[in-house]
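Order of writing sets the chain letters: A, B, C, D, E, F, G, H, I, J, K and L. Residues in each chain are counted from 1.
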Amino acid sequence: MQDHVYKIIELVGSSETSVEDAIQQAITRASRTLNHLRWFEVTQTRGHIEQGKVHHYQVTLKVGFTLEE
Amino acid sequence: MQDHVYKIIELVGSSETSVEDAIQQAITRASRTLNHLRWFEVTQTRGHIEQGKVHHYQVTLKVGFTLEE
Amino acid sequence: MQDHVYKIIELVGSSETSVEDAIQQAITRASRTLNHLRWFEVTQTRGHIEQGKVHHYQVTLKVGFTLEE
Amino acid sequence: MQDHVYKIIELVGSSETSVEDAIQQAITRASRTLNHLRWFEVTQTRGHIEQGKVHHYQVTLKVGFTLEE
Amino acid sequence: MQDHVYKIIELVGSSETSVEDAIQQAITRASRTLNHLRWFEVTQTRGHIEQGKVHHYQVTLKVGFTLEE
Amino acid sequence: MQDHVYKIIELVGSSETSVEDAIQQAITRASRTLNHLRWFEVTQTRGHIEQGKVHHYQVTLKVGFTLEE
Amino acid sequence: MQDHVYKIIELVGSSETSVEDAIQQAITRASRTLNHLRWFEVTQTRGHIEQGKVHHYQVTLKVGFTLEE
Amino acid sequence: MQDHVYKIIELVGSSETSVEDAIQQAITRASRTLNHLRWFEVTQTRGHIEQGKVHHYQVTLKVGFTLEE
Amino acid sequence: MQDHVYKIIELVGSSETSVEDAIQQAITRASRTLNHLRWFEVTQTRGHIEQGKVHHYQVTLKVGFTLEE
Amino acid sequence: MQDHVYKIIELVGSSETSVEDAIQQAITRASRTLNHLRWFEVTQTRGHIEQGKVHHYQVTLKVGFTLEE
Amino acid sequence: MQDHVYKIIELVGSSETSVEDAIQQAITRASRTLNHLRWFEVTQTRGHIEQGKVHHYQVTLKVGFTLEE
Amino acid sequence: MQDHVYKIIELVGSSETSVEDAIQQAITRASRTLNHLRWFEVTQTRGHIEQGKVHHYQVTLKVGFTLEE
């Protein structure tokens, strides 16, 4: 792991069901164009409310991936 | 959305089951007296422990709502 | 509660299923050697990614317990 | 000033023209129901973008006011 | 404690004598209109100076109280 | 809004006239290559001084945009 | 002082009388099992309220001590 | 630029008209006694309210200047 | 108050008796060379321990004063 | 400098020898695809330990570069 | 890595030569009593000055280690 | 140490070689006009890049010194 350089990007994933699903939504989308996603860190958990219910969660996360040699 | 003024209040919701349920408990209670809840942001996730188990989660959240004209 | 002194330790729990389970894993392990765990506070939520999926969550938490007289 | 107790509330004001106007919008709205607004502090400056232009600013501010005896 | 929803408000108390007295001033005032104050947390300690002496302390605190069912 | 994944980038815009213009400069430049800019948040306001005058403002902002399906 | 390695622990002390007494309570308890306590830093000042009065202060502090050779 | 040592001071400028003018007021005053002001960074934006209007802005800024050889 | 420019300096005051006395020690010393001290804000509360007792408090504070015209 | 818009990216560089080398590793890698790197700021310094020795440093940095006209 | 629970402790290492050496001093001392040190994160870099020279660095770091099954 | 009042100033030192040298550059310059420098704390580590190489480091530090009686 020690020879690599990583890049960190910031994403927001959404889900109507859970915080974990919002995280996975963001990672799934990012993995369509980036190959070497390695870790994430949640930086904000928000959400929208409709009619007194959580309508969907919005989770901001930083995602680190290996820059290829 | 751009013509409104919003007020933000801070609440703590509790749940024995999950972080998401604690969020919903706080919003459900707030919606009994406030009509236009729009969004929330989690500012702290805590909980109480009993006998080596999480007894309940306590989630602090800021909740924004529209001030009526 | 007001007569006690508490100590706070910092732990990282892991889980392949959810943030809540990662919290419980850390508390379960700590309770094997500490008797009076009282509360926790989440300070960081991270995780590892493999093949475009969250492989496991890593949740850092502070845990407070009563120092015995 | 030293004998008073103040309460601090959090508001979000919006404006299509400037940060200063967004601040004033929030204070104008609050002053319709609160008499003794004394000071504010900006805690966040955001905004919405449409067609590559700032459509409106959203400024979050804390506002302090005197609680009457 | 786990079934309740709490609301958190922010207050500033003042005192010419001590930080502790400034905290109590804010809580005394709040308890005139709110029944179930439960805890506080100090978020800022400031004060005014006159003639090279602390004239009064101004302590900002968050105060949590139970929302009645 | 709830089905999308957003990416957040960080930019610095400059202007000799105002904070608002520096924000717009950054957004104008970003919108030349990115189609779905949605919101921004100011994270730092700096500037350079020449001859005792503000020569130009430098505003750092995070900008969120929709990742296309 | 420059040859030592220090360890930092986090404690919560309580007192019905003052912030200073809560600090001393925590240090007194810690010094029963640790010999070389050197300094402390307050990281949080909280308290419990009963009947509109501060019932007791809870002060969180980090305490540094020398690890023996 | 790389051979210099800079000193950073903290100032509060006031203005009845705008944030930008409050920044300039502070810099104008500082430049009467300091020759080599180079940059500033805003650390807080506050203001006073009178009769439901912003009476004046108070902007806290850090200002860096070159220490002469 | 709105026409002035203020400068903010950072001081550490010490006292064997209380946090409040440490604040006053710092302000007393500063007022020997500065005429228009106006306010302070505590930014850190530390202290030294000897023989399991708080030997003295060290309180860091920012102090604002008016720059004369 | 005042006419440009800058973009800021976040990188993690690694090195077995020093913090400075880890910074340079990240910048060297980034400069293979980006022409106008201008400044960096360290946001985190971590590292891995093996057999009681620092095996390598991992330094997270923000890097700013000029967006070409 | 995903099955483990980690504990994080906070240490201060000192060195007259470099930041890196101060980190290693803390880790060397900790590894005398703890077997599974895994990573560290620097949380503060300070130092003492004598006669206008850095006499020694003091680096505070969090160190994570595996709790044995 | 407990009878003194300290003042804290903020400086930026630069060096083409290392973080440690940038710290020493700032302290050397400050010690030409201030006699009782006692400690420093690093608050920011930045640097400039030229041609894909770190050209120089810029380290911001707070420096504490004793105010003479």
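The rule we apply is simple: a contact is a pair of C-beta atoms (placed from the backbone, for glycine too) under 8 Å apart; a residue touches a chain by one contact, two chains touch by 3 or more.
The shown structure was predicted, so the numbers you read here are calculated from the model rather than taken from an experiment.
A repeat of the D-E interface exists among J-L, F-J or G-I; more than half of the contact pairs are identical by residue number at F-J.
Among the remaining chains, the Cα-based centre furthest from that of chain G is the centre of F.
In this assembly, the C-alpha centroid of chain D lies 38 Å from the C-alpha centroid of chain G.
Chain I and chain L have CA centres that are 22 Å apart.
With centres defined as mean CA coordinates, chain E is found 31 Å away from chain C. Contact with two or more other chains is made by residues 9, 18-19, 30, 48 of chain B. Shown are all chain pairs that touch, namely A-B, A-C, A-F, A-J, B-C, B-D, B-E, C-G, C-K, D-E, D-F, D-H, E-G, E-I, F-H, F-J, G-I, G-K, H-I, H-L, I-L, J-K, J-L, K-L. Across the complex, chain H meets chain F through its residues 18-20, 23-24, 27-28, 30-31, 37-42, 63.
Contact residues on chain H toward chain I in their complex (touch as defined above): 9-16, 25-26, 29-30, 48, 55-56, 58, 60.
The touching residues of chain F, counted against chain A in their complex, run 1-9, 62, 64, 67. Listed in rising order, the residues of chain D touching chain F in the complex are 18-19, 44-49, 51-54, 57.
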